[in-house]
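The structures come next, written out as structure tokens.
Shared between the two complexes below is subunit A, which has subunit B as its partner in the first and subunit C in the second.
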Partner chain A sequence: MAEYKAFTQEWMDAWKEKITGSQEYKEIAKDWEGSVSITVNADPSKNVPETVYMFTDYWHGDVRDFVLCDAARAQTAKFVMSGDYARWKQVAKKELDATKALMQGKLKLKGDLTYVVRNIKTVNKVIDLLTEVNTIFPDEG
Partner chain B sequence: MAYDQDLSFVYLGTTKVIFGIGSSSQELEAEMNSLHCSRAVVVTDQGIIKAGLLDKITAGLGAKCVGVYSDIPQDTGIDVVDKAAAFARAKGADILISVGGGSVIDTAKCMCILLTEGGSLNDFEGIQLLTRPQLPHVVIPTTAGTGSEVTWAAVVFDKSKGQKILIVESFNAPRVAILDPQLTAKLPPLLTASTGMDAFCHAVEAISSMQREPVADALGMHALRLLTKYLPICVADGSNLAARGQVQLAATMAGWAFGNAMVGLVHAMAHSIGAVAHVPHGIANGILLPHCMEFNIPAAEDYYAAVAEAMGVRRNGQSDGEAARAAVKAVFALTKKIGHPQKLSECGVQEEHIIKAAELSMSDGSIINNARFVTGADEVLGIFRQAL
Partner chain C sequence: MNGYTGKFLDIDLTQGSCKDFTLDAARLKKFIGGSSLAASLYLERYNLHADPLAPENPLMIINGPLVGSGFPGSSRFAVAAKSPQTGIWGEAACGGNFGPELKKAGFDGIIITGASSSPVVLSIINGEAKISSAENLWGRDIYDVTDVLKKEDKGWKVLAIGPAGENLVKYAAIANDKAHFIGRTGLGAVMGSKKLKAVIVRGNQSPGKADEQKYKEIFKAAVQEIKESAFAESLHLMGSDAAMDLGMMTGDVPVKNWTSGGDFELSSKLSGPTMRETYLTRAHACANCPVACKRVVAVKDGPCLTEEGPGPEYETCCTFGTLIMNYDLAAVIKANELCNRYGMDTISAGATIAMAMELYEKGIVNRQKTDNLELTWGNMDAVFALLKKIAYREGWGDMLAEGSAAAARKLGGSAIDSAVHVKGLELPMHDPRGFHGMGLAYMMSNRGACHLQHAAMGMEQGMVSWPQLFAMKEDYDGKTSEGKALLVFNAENYGILGNSLSICHYLMYCLKPETVRDAFNAVTGFNFEFQDFLLCGARDWTLKRGINNLLGVSVKDDVLPKKILTPLTDGAASGSVPDMELLRNEYYAIRGLTAEGIPKEEKLRELGLEELRRKLYENK
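So, the complex of A and B:
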């Protein structure tokens, strides 16, 4: 099975492919409209020398843009999520529930919380599909 | 109540609590001094002023009170916060003192953000966006229920969206809460009962939440013990300050419990029926709680068995399931004993309201922490019908 270095465009493409290939996702996400940006704060001690910005865009079960981006574009997303590398790694490995992480201040969310809650199954499915990507994390490779 | 092998949690309880009869006027100036503040704006509402609850507090502050802002409605909004923050800014406030119930306290919490960070409240819609402590805020609650004096979340209405927005910021927890039983002595029996059931509900939902943890459980359990014993006394004799004080403490403990472990389905439904049919929050919670407990029992037997234990209705030899059902019965009995409304229809709620509210409940942030996974609005509607 192919392996992908986390936070690279190839890794994002593999994640997008998992999402677009999931019939279950299409069903669950049929009401979701809008983009989510993910900011992974730099952590040189974990081989993340610079902050990583990702822009992901979802539309009624389809996936549109799914790219690395700059800080300015990340801020334009409907939902802006940010946090330290170690936290995102825990989420990506399903060691940390994203909702719990938000409530406990381990991750930050800017945007309409009620919309996220109404579509929590979509959020969880996108994370589930990420865990199916064979990922090499910066501090493990 | 067993915990997961991989239990991991963060408990936060940063608010200093001062308790005692007369503490609101006796301790405030000293607390301001210890926070190195000298220009207080008091945030309150007209009802508190008319009830004469502010007189001793402002007199105690003397020249350190640079203004009183009292134009706060029962449900606060972004426009209210903007006006109040502009007032406090113009007065040069270096501390806010909120005296009132949940709406007043939430207004002051949001004012702290605008006075520290500037900008518009819309910029802070979300979770944990702040990166530093905010303007000091001392809370003097005049009801015993919301627990807002020790929590870091605020709910405000956004007219432009037609919905309430939630601002959750651990950097915005009040610095000090002064619990003075005298300030709740004049609460009428129904308000005493409903705000008390709000606190009761916070404790039960925290104990059974998906985010439950041992510290919150301990606080929630003792809150239930105190409320079971002292809430009926407060309703029967509002002037009993010893009982009033115990209920205030219970509400604060329940506030810490749910501030950390969160609430569940009861609050999701109460927020929604409040928005659709204007049922007061505490009353909605008190009516809905035992019905939601019945719904949750398959996923929450051991948690509700603990509730039964705290309420003193668990018998030797009972299974968790039997004890959980005893807890449900005991909650129904408690609400009857304190003269709390039993049905939503008593508050003017009709079938059309609960259909809308059931849909709305599915997008309330509380629902994701409920002990039992809620599969859809039809399940919520079923519970609403039981409570109608």
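So, the complex of A and C:
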């Protein structure tokens, strides 16, 4: 099974493929509208020399943009999620639930929390599909 | 003494007397305040074997040291008595504004014994207590009586009971200014048994702080922590009902009297976001709270019209929603308003009606028994009618006014299998099949099944992570019993402080433990470390357990109901049940209990509970 270096476009493409290939996602996400950016804070000690920005966009069960981006574009997303590399790694490895990380203040969310709660199944499904991607992490590869 | 007024009121309603008394600093340091201090007084001064509705049973209303300081979440106060619903230790904590005002009026607490021969109101205005007639108030519902009293002085903070308390409904509640409820364990019936319709407080005193400058710095840090907390934001936006959508996904939400676990249409129609989009008119805050999680709602059209008023919490959206298969949020709001006006705990009332609906479906009761009410799932007209019958003890309502466990026992046969309770108190709306630690917390909670005598929910569901307090994971698997005994032990020792300090559990989830500790120290000058807090928490739990042991509680009572030991076939908790034996055995070992469920002598000595030790071991 192919492996992908985390936070590369190839890795994002593999994640997007998981999402678009999921019939369950299509059903769950039929009401979701809008983009989510992900900010992974730099951590040179873990081989993440610069902050990584990703822009992902979802529309009624389809996936639109799914790309690396710059800080300015990340800020334009409907929802901006940010956190330290170590936390995102825990989430991607299914060691820490993203909702719990948010409540514990280990990840931050900017955007309409009500919308996220209303669509929590969609959010969790997207994260679940991320954990299915064979990922090589910067401090492990 | 900083943080305390140093004065308590001793009210004897039989004699019509009001006296002050004081407590020494050593006792306050040992038990802090709230329900913990109440338990220490109860053990030492009162007849534990008095009937809960007898004049000798004291009704204790006690503040904690943070109350009146202005610290976020410090509006809470505890009310305690032997419970008429369970026959064991009863307590409930409440937010609102009564606690801070009682301190301004000059008192840390009120202990009420005796019973008046006719209805009375107790007023405490700037250090002066007075008992006066309430003949004109008896029979009025809670909203009405509060309005009448506040017409005299809108600055009065009011505690009142409604018809349910007057009629000694075993799960009658006490309300603070209509919106904040001492709901659980039937303390409204204790107040009703004393013919005490209301307590009014008003004052302008200001309790001192040990280190005012330090307190200001901590206060600022606390406000910042709350601003940055996603948990606080979700509470502000959606109230406690923010938990509904996520809860259905994780297996927390009970459906159809605990027989189902996966109905996303139900959760979607009854959730916090839905309430916000439909019936919410504004958010409301307890005194000194920047979060404002309370809902104010109005149903302006349709068959369930309500005036603008206090909205339902998550628990109520379950008991009058998911638990009885009602998909209509407006009807939940109406049921909530009726319970508020009658003065009944919405958890016990809704859960008792859910049991009744199941019994109706099974044919154990029929229309002859139910006074011709068709108790089919989701029939809210029948629910509204039944709530009134319960509050006034009319017809079948008289039996249901005893609570689900007592009513089921009276019906006999297999009816008891439909009653979902621990020690006579109905389970709150968090399914232990999705979170096994919660099952243990229900089993071991000293007031019967409870989600607020500990922080198990926050810890097990991942709302908080406090590695600075004790070893714990950031992310627990809810559907496993391994390791949960230690989680619950720690969750009790820290979480119960909410009811003694007294501070809102939600705010404890938003604030760092360091901030809570430092605020406590700045106010009291006690210089507690975390270990001191945890020791006080362990002492609190053990003291209340010992009181319950003296009232007959033992290992036989530390059990989960049959429903919870039956796996679900749908939803996120499908196939999962708590391992009750494992949980209990591990917990007993950690807590220092004998096989019979009694605190060991050495544990009582270690915790400084000498009088309890004597009563348990020398007075047999």
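Note that in this section the second predicted complex is superposed on the first by the 141 of 141 C-alpha atoms of A that agree within 3 Å, B and C clash if a C-alpha of one lies under 4 Å from a C-alpha of the other, contacts with A are read in each partner's own complex, and residues count from 1 in each chain.
As a working rule, a residue touches a chain if its C-beta (ideal position, glycine included) is under 8 Å from a C-beta of that chain, and two chains touch if they have at least 3 such contacts.
Just so we're clear, the structure is a prediction, and the values are computed from it rather than from any experiment.
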Exercise for review: Please indicate which partner A:L113 is in contact with in the superposed arrangement: first for subunit B, second for subunit C, both, or neither.
Suggested key: both
Check your understanding: So, A:K100: does it touch subunit B (first), subunit C (second), both, or neither?
Key -> both
Exercise for review: Based on the superposed arrangement, let me know which partner A:K121 touches: subunit B (first), subunit C (second), both, or neither?
Suggested key: second
Check your understanding: Do any residues of subunit A touch both subunit B and subunit C, and if so, which are they?
Key -> 99-100, 102-106, 108-109, 113-115, 117-118, 120
Check your understanding: Which part of subunit B faces subunit A closely enough to touch in the complex?
Key -> 9-10, 125-129, 163, 165-166, 168, 170, 211, 262, 362-365, 367-368
Practice item. Mind listing the subunit C positions that touch subunit A in their complex? Key: 228-231, 233-234, 237-238, 242, 245-246, 249, 264, 268, 271-273, 276, 461-465, 474-475
Check your understanding: How about subunit A: which of its residues touch subunit C in the complex?
Key -> 90, 95-97, 99-106, 108-109, 113-115, 117-118, 120-121, 124
Check your understanding: What residues of subunit A sit close enough to touch subunit B in their complex?
Key -> 80, 99-100, 102-115, 117-118, 120
